[in-house]
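Shared between the two complexes below is subunit A, which pairs with subunit B and subunit C, respectively.
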Partner chain A sequence: MVADPGRSPAATSNKSRLASALKADGDLKLVGYMMAGHPNRKRSIEVGKRLATSGIAALEIGIPFSDPLADGPVIQHAGQTALEHGMTVGGALEIAAAVASEGVPVVLMTYINPILAHDPRRFAAEAAQAGVAGVIVPDLPVEESEPVVGWLRSTSLDTIFLVAPTTSEDRVESICSHSTGFVYCVTLTGVTGARKELPDGMKDMLATVRRHTSLPVAAGFGISRPEHMKALRGSADAAVVGSAIVSEIDRGGDPTTLVKELLKACR
Partner chain B sequence: MIARSALTHPVDGRFGTFGGQYVPETLMGALVELERVWHETKADGQFQLELAGHRHAFIGRPTPIYAATRLAEHFGGAHIHLKREDLCHTGAHKLNNAVGQALLAMRMGKKRVIAETGAGQHGVATATVCARFGLECTVYMGGEDMRRQSMNVRRMKLLGAEVVEVKSGTRTLKDAISEAIRDWVTNVETTYYIIGSVVGPHPYPEMVRDLQRVIGDERG
Partner chain C sequence: MLHGSYSYVLQDGDGQIQPTHSISAGLDYPGVGPEHAFLHDTKRVEYVAVTDEEALAAFKLCTRLEGIMPALEPAHALHQAGIIARDLGPGGRILVCLSGRGDKDMDSVDGG
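Moving on, here comes the complex of A and B:
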């Protein structure tokens, strides 16, 4: 059954900064990703501020966790480096606040364990205080989402859930109705990390998700190249680029060069 | 305080405050299917008969109990009885679970099995059942554990399993589990993940519990 978008919580969040920032307006929108505290606190704030003003529509900031089971080698390494340099949830929220002050919508991405360890109610309050727009928790399926999502919503944070290629259509409906801000489509069956080509079934999945939501639909995982942007135009509202940006940061380069190249392909 | 019923029967995939399904969405469909198939399978008399046959002829059950009188004397007269799970084939209770889950993997039409292992006993048990039933086997093991338990690594390889060294994090069991889950996230449509302990997302803790209760059922 197709969800009635008029009754889903998604449609009621008209004030969502994310929903308006990510809706494609002819151009595909680009969402960046960086790991808080990678390679260290100081440089992470510098890079975050540069990314914030590079033309991206939103920036995901990862909070490092010791067991990131949805992440491939690049983001695992970034998280481990950040943890070795003493990064914490509190420290990551400070970085998020500094980056959000540049005006870009910031989305925190982390696992459920650090949120529970920090105390979800306190996490929600501090994230909202830091000017964060929304939260993505890749190991929190909709069935497990309460009470954490309740705390996040109570402070007006958007809660973004993920749809995977293995998700059945009835689950798509439930995931869309639990999401606010945007819906995140995992393009491939696997973990994060740049891939050469995107899977064949991707467009069908994006179309299925669109039937169940009026929110912007972002595609992520594996996306790293200008030709991927071209492939997503018209199917997705936004593309999330993570590992490719983190690789640039890791080798000490300027990730905004890659962002500019990708943005050209979004138009 | 956890209610006793919550300790014996999971409610919504939880044992009291423990349990749940904290995994990427990619695996949710597979877990829902696994729970359905496990409940159907454990109620199937034909399966129980088959399992009993493998327990007897392959694992070597029932395992004996004997009174460790000298140990009892050493500790000042307590009654100490040992249930000899070390006499199971492969030398540990791990095979009780691995046999049951391998039968389930075949029932679900999966030809590739993955597992995590710490000291190596579950890895050896899984490599053994895969050799027994003709399943492809990959075992994830922390680099630190591989160094400490090199004999078990050799056994797994002799049994035809591929042993993948996990170099992330603390290079021990929890990192091996994370790496096995990453493999499963990537290959979920063709692969069955045999978890060896009462850990991981529901229904794994319930399945491992159900398959190990044979030790207690043999009492008396």
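Moving on, here comes the complex of A and C:
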């Protein structure tokens, strides 16, 4: 890949919609997740619009990838279903545009290969055009993030990097300095998917991340229950709930019922 | 980009990795190692495709003629060596690296 100077994170973070939307103000903020094209294109737009107006602070929309190495069985299955129904990067951007038009900040979550295949500069331009606020690429480490991150930022998209429980403190610092919008804390060593209890040490990890950034800090992976919201209040700015929502969508239910229940526990 | 490696991968136009099949477990992967990708790009190595059936036939030939059971991975190379040998004719010399032994592949060979 060719080098590109990119832009300094500080240049865009002040105006970030995500940074303002996700900063806790007494209440914990809730971030939802859905997979573009799951269970199909039409229903995914309907569900996305419902989620957008359900009281969540932001919505992550997954772009399906054949080899989703950070995802557990629920989101893997959703991605596979979407791909079987012909979902593409272009199609996912159309869904993102339809959902973003409801006013909720939309964050795209996908892997680096579909972005490279689509052409990262074109992806950045089309995502910005779709009204997307930011992008999460779990298999793009900060050390290898240029030039793609520079291209994303040049169209004013936030770039959110992930901190894991195994991340050393000097890397936490580097990840925070590369992130805009918010910093994503992966609460556990494993893949996405609902867990009964949140891991010990999560609060220490969130505190460590806070020492290195003034951006909102979101916790994700395994978070699915009202008691998790309660546990995260005061430690994190926002909680990301993915698999629990996707399970609801998968069984044809209304995920906003779960969202309302979780939001009660955020207050 | 697959499993953290930027190299040639078997993918469609949308960057979705395609399913693979090979009788040889060591070759049943949609990515190409970075060294092979480099050798290909610098044109120092010519790469060819060999089918399961061709590799199996080469495995059996080598086992019968030499008493050496090659792993199924280099059995693909042995098949290609046979093709090159026909071009070189008698007296030509070809070096094939048998990168592994075929005992581990007996079940696959039996099933094939």
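Descriptive notes on the structure:
Quick note on the criterion: the second predicted complex is superposed on the first by the 256 of 267 C-alpha atoms of A that agree within 3 Å, B and C clash if a C-alpha of one lies under 4 Å from a C-alpha of the other, contacts with A are read in each partner's own complex, and residues count from 1 in each chain.
As a working rule, a residue touches a chain if its C-beta (ideal position, glycine included) is under 8 Å from a C-beta of that chain, and two chains touch if they have at least 3 such contacts.
Bear in mind that the values here come from a model prediction, so they are computed numbers and not experimental data.
Following the overlay on subunit A, a clash is recorded for the pair subunit B and subunit C.
In the superposition on chain A, contact is made by A:138 with subunit B only, not with subunit C. When the two structures are aligned on the shared chain, A:70 is found in touch with subunit B, with no touch to subunit C.
Legend: residue contacts after superposition of the two complexes on their common chain; A:175 is shown touching subunit B, with no touch to subunit C.
By the document's definition of touching, of the two partners only subunit B reaches A:190; subunit C does not. Looking at the shared chain after the overlay, A:163 reaches subunit B, while subunit C stays out of its contact range. In the superposed pair of complexes, A:114 makes contact with subunit C only, with no contact to subunit B.
Once the two structures are overlaid, the count of subunit A residues touched is higher for B than for its counterpart among subunit B and subunit C. Within subunit A, the residues touching subunit B in one complex and subunit C in the other are 66-67, 69, 112-113, 139. Subunit A contributes residues 1, 65-67, 69, 83, 88-89, 111-118, 139 to its touches with subunit C in the complex. The part of subunit C that touches subunit A in the complex is made up of residues 1-4, 6, 9, 11, 13-18.
Across the complex, subunit B meets subunit A through its residues 20-30, 168-169, 174-175, 178, 181-182, 185-189.
Every residue of subunit A that touches subunit B in the complex is listed here, in rising order: 66-70, 72, 76, 80, 112-113, 138-141, 143-144, 161-168, 171, 175, 186, 189-191.
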